[in-house]
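Both complexes below contain chain A, partnered by chain B and then by chain C.
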Partner chain A sequence: MTQRKRPSNTLRLSQSKRQSNSVMTQEEDEDVTFTQPSSSQVQRGLEKLTPAQVDQKTAEVVQYILVKDQKKIPVRRAELVKNIVKDYRTVYPEIIKRAKRIFEQVFGLKLVEIDPKNHMYILVNNLDTPAAAASPVKCPSNPKTGLLFVILSVIFMKGGIVRENQIWNTLKKLRVDPGQRHEEFGDVRKVVTEEFVRQRYLEYTRIPHTEPIEYEFRWGHRADMEVSKAQILEFMGQLHEQDPRSWSQQYREAHTGSSSSQNASSSQTSSHASTSRK
Partner chain B sequence: MSRQLGDHHRRFLQTMMTIGITSEKEAKTLYQHCCETHKTQCAPDRLEEFIEAINSRLQPMFMQIRKGMSEEDGQQHYALVNTAETDITRMTSDYADNELELFRKIMDLIVSSENGKASSTDILNSADMMTSKKLKKGETQQLLLRLVQDKWLCESQGEYNLSTRCIIEMEPYIRAMYQDQVKVCHICHNMAFQCQICENPSCGIKIHNPCVARYFKGRMEPHCPACDDFWPHEIPEVRELHSLSKR
Partner chain C sequence: MTSRRREMRKARAGADEESPRQNGSSSRRRSEQQAFEGEDPDSIPGGLQDNVDDDNDQGRRREIRSKYRDLINSVQQNREDMLSPSNNKLTEVLEEANKLFKEVRQAREAALDAQLLVVATDLGKEKASQLFSEGCAFDPTAFAEHLLSFMGLNRLEEEEENDELQNGGGVDGFLPKDAWHRLARRTECCFKTAPTFHYMMGSFYAEPPPPKQKSDRQRKASSKEVKRIMPTQLKKMEESHQEATEKEVERILGYLKGYFEDDPSPMSYYEFVIDPNSFSRTVENIFHTSFLIRDGLARLYLDDDKLPCIEPVEEEAGATSNRRQCIVPISPNIWRELIDVFEIREAIIQPPETQNE
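== the complex of A and B ==
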């Protein structure tokens, strides 16, 4: 499960500051004012710049996205424009196009826009991984990956949406109590409902018209891109000593990729939710 | 010249992004693994060339896989480093300003020390003299823990030294910042932190511990390679075959 990771440091200090609501709102406002330049505008913009200038800006964008991706937090277009692209905004489409090419050609990663409305990007692994190839180099793995995998499995096996209580009950059976501080995960409830949600592994939404208020979980965008349903089914099969094909509906979904767009290869990336984020 | 990369290059780079640093021996194994995985021909003695190809495409992104020696065991290592001093590099995004200030103070202590180490007491004291927002004692201890976890520092018995990754990555910075203070190993000419020093006051050359081991191996009476005075320090054992000698 451990394959790709990025520069291995991960601390959320500056990150958590960035997450504060006021900043988010401000960035959303920014995004409204940022209109995608037309192709003729881009063309004219490029004529005013030297190729070296555009390359330099592209490199900055690549590095910025890599650094942000260490913490698995999606990068917003507004934030990218405001912090890095700045005066180059007229050639923004060209810069993003080049950045995408570099991620694919150099890093074997794919820059994906997960939310076309709010313009958010994440990086996913773009390399095919033959199943047999375990890396000879030990990569530090994140204990939270296991927790996430269990939750995604429950959601998938229950048809895609699960009430919050069902998740907590499953975790309790595994001796992970959301009400208690866990040795490895810390505040479990917070990890699940905030961290995994922020990283877009999970969606956590209120169920309308319930009293008292109830929430439900779904797979997030990143999970769709990175986690292989076939692999989850394989895992469930081993757990229950049952042929994965006996869950016919799940099997069909896992192997036609109806709602998931990715194949088994990208499941590798799911594991790298970075190391020292504790 | 920048070259076209294959998936074997990309996989190698992705693993480097995960682990940050690896020994030359491990790098060779990894190189082989990447070639096998992607059914590419592998020439085990051409690791340098393979990494050069990756670097040709990485350097425009202010990154590089750089080679350097570990002061612990004298082995060659490869580290993925940032080459840009911009505000978006790894450290600045992971640490707050006052934490970076303390890290610079720790570097000061280490560079000016005889043995390349700083004690936790000295670090706690220098935390009291910070100009930016002061760190409390507990916060300083937490920060030290994180710096060790993130492989910037190593700790042993309450003393901290710069990790191999940190030395490789920070070399240009340290050489620029501490021009007059930085010591260089008389044998390998790399920067030297943990080393032995010639006790002849008019000589005073430095040699890394693993370089000492290799240089004096099999000599009856060790003498300083510069001033020929008696070398009074204990000569450590050579740890494992040095990979440089094969090249």
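== the complex of A and C ==
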């Protein structure tokens, strides 16, 4: 977990392990046994296969990931190897490299590994963020996007970590009560603490030493990749009729992050965040 | 614990006060040292005389503990208020705790003191983090208000029915149905979500498998007519033996008719079918007799003693309205019992000459 500096680092590790254990222990075990082949092994593997075979396998991987991405749940490397790659595991790095290229050039998507420890991939849109004006394609909007936006923006504006009560209070003011069934979202608590967490938009971790147990929210890995803080701030400015720069700390965070490409240098943003939080 | 308390006080946006706590702790340390250095355990240095009295005063101990608990509760209950930058209650709580600590003697009280410290530090941390937000702070309540307006909240005053539908609370008005959609559409640009993959024309239409009702009906039909189907199945299996079976049945019919011509009195069914020499032939006789009954050429009835009797029937096979079926079980034990009971000496139905066993 070197990408992020967190106060409760070990706790988060055990948390994610617990979560993944409850979902699929078998595949985690398999992942442990799968070691990334070295480049020389890959070379040798490639020699034994025809280019057509490798292309075919790459195409299968691409299709698998595309379908898996429908639910926005990250794809595990172990699953990928077990279900699709199978005997071609010696050339796995080459397949992934080619798959990444296909995603970028054909689909305009980016295949990103969001968890280097557990090896999970997500797809992110690679095209430039569209303008605030409505896109020409009228696809139906998902109200959950709105809900997610509210939660993410509160967390962002509050410095990156927020106690769960703050989120629930804010949502209550918007007529969304975690204790009641919402007509759009259904079981709100489940959507926020389970679905969004599983999709890696949010992280829901326990605060130590709290009695009764309380949790806090942070941005998840997918949110780091997908969500533009600058855009959030822009909308904030519109809503409050203020200049986004008036939130200087958040503005700094939003714009240093985006200038050095949000995905790669998360270390930069994290160091930035830690200095501001001191 | 001393240094922590000191740092906490500095962290507050307050003046630099002289902490009475320090004096308290150093005096305590001095008294402890005295206690250790005393060579004679019986002679207690004069300075500790009052402390010993305090130690033994259970009432005082309880009082201290209860005060600690009150302090802890006050921090927990009034957390929201104490968070506000203008509120200095935390300082007062700490001062109170300092005073209490001077009188702490036992581990129980010290544990409560530690708990209070945890709660107070937590609050202090949050207060400190509030201080460091430069620029203007972010107020989630105002944010929510702005969002509601954006989502098209209709702030009507007389909408009482809709008020019940919503959470109640303070704000009147109702949110339009597409409120969240509106927000989602506006905020979609903040997300670089990969569009999900779907077939343009949808998936193929998979019909459910053909209903299973037909097979159920067939099964039900067959279970009703067990006796009927059994011979049919067997007949099919033994197609080569079909003629043999028919011949057998006719032969048995011949026996039956013959005996009734000779003696029209009722014949016991068991006497008729049982072959005292062979169980398997008995079973075959029963089997063949059942054909007769099925075809309506013979009939089984219960006589006055409730024993089954058999007699041939003169009517046409087709004109049968009152058909009933029964199942005749027989086992070697029953067979032997029947032989003893009915004193059957010889078989009425002679075994055929040719028989493949």
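Just a few scattered comments:
The rule is short, and it goes like this: the second predicted complex is superposed on the first by the 230 of 278 C-alpha atoms of A that agree within 3 Å, B and C clash if a C-alpha of one lies under 4 Å from a C-alpha of the other, contacts with A are read in each partner's own complex, and residues count from 1 in each chain.
By definition in this document, contacts are C-beta pairs under 8 Å (C-beta built on N, C-alpha and C of every residue); 3 or more make two chains touch, one makes a residue touch a chain.
None of the values given here were measured: they were computed from a predicted structure.
When the shared chain is aligned, chain B and chain C each come close enough to touch A:Val67. In the superposed model, A:Lys158 makes contact with chain C only, not with chain B.
Of the two partner chains, chain B and chain C are each touched by A:Asn125. With both structures placed on the common chain, the touch criterion links A:Thr50 to neither chain B nor chain C. In the superposed model, A:Leu174 makes contact with chain C only, not with chain B. Residue by residue along chain A, chain B and chain C are tallied for touches, and C comes out ahead. Of the two partner chains placed by the overlay, only chain B lies in contact with A:Ala59; chain C stays clear of it. Of the two partner chains placed around the shared chain by superposition, neither chain B nor chain C is touched by A:Ser40. Of the two partner chains placed by the overlay, only chain B lies in contact with A:Val106; chain C stays clear of it.
In the superposition on chain A, A:Gln231 makes contact with chain C only, not with chain B. The contact surfaces that chain B and chain C form on chain A in the two complexes overlap at residues 67, 70, 109, 125, 127, 129-130, 135, 139, 276.
On the chain A side of its complex with chain B, the touching residues are 2-11, 13-15, 55, 59-60, 62-64, 67-68, 70, 84, 102, 105-109, 125, 127-130, 133, 135-140, 272, 276. Per the touch definition, chain A reaches chain C in the complex via residues 66-67, 69-70, 72, 109-110, 122-127, 129-132, 134-135, 139, 141-147, 149-150, 153-154, 157-159, 166, 169-170, 172-175, 177, 180, 184-185, 209, 225-228, 231-232, 235-236, 239-240, 242, 246-251, 276-278.
The part of chain C that touches chain A in the complex is made up of residues 118, 122, 129, 132-136, 138, 140-148, 150-151, 166-167, 169, 175, 180-198. Interface residues of chain B facing chain A in the complex, by the touch rule stated above, are 4-5, 7, 10-11, 13-15, 17-20, 22, 26, 29-30, 32-33, 36-37, 54, 57-58, 60-63, 80, 82, 84, 86, 88-96, 99, 146, 149-151.
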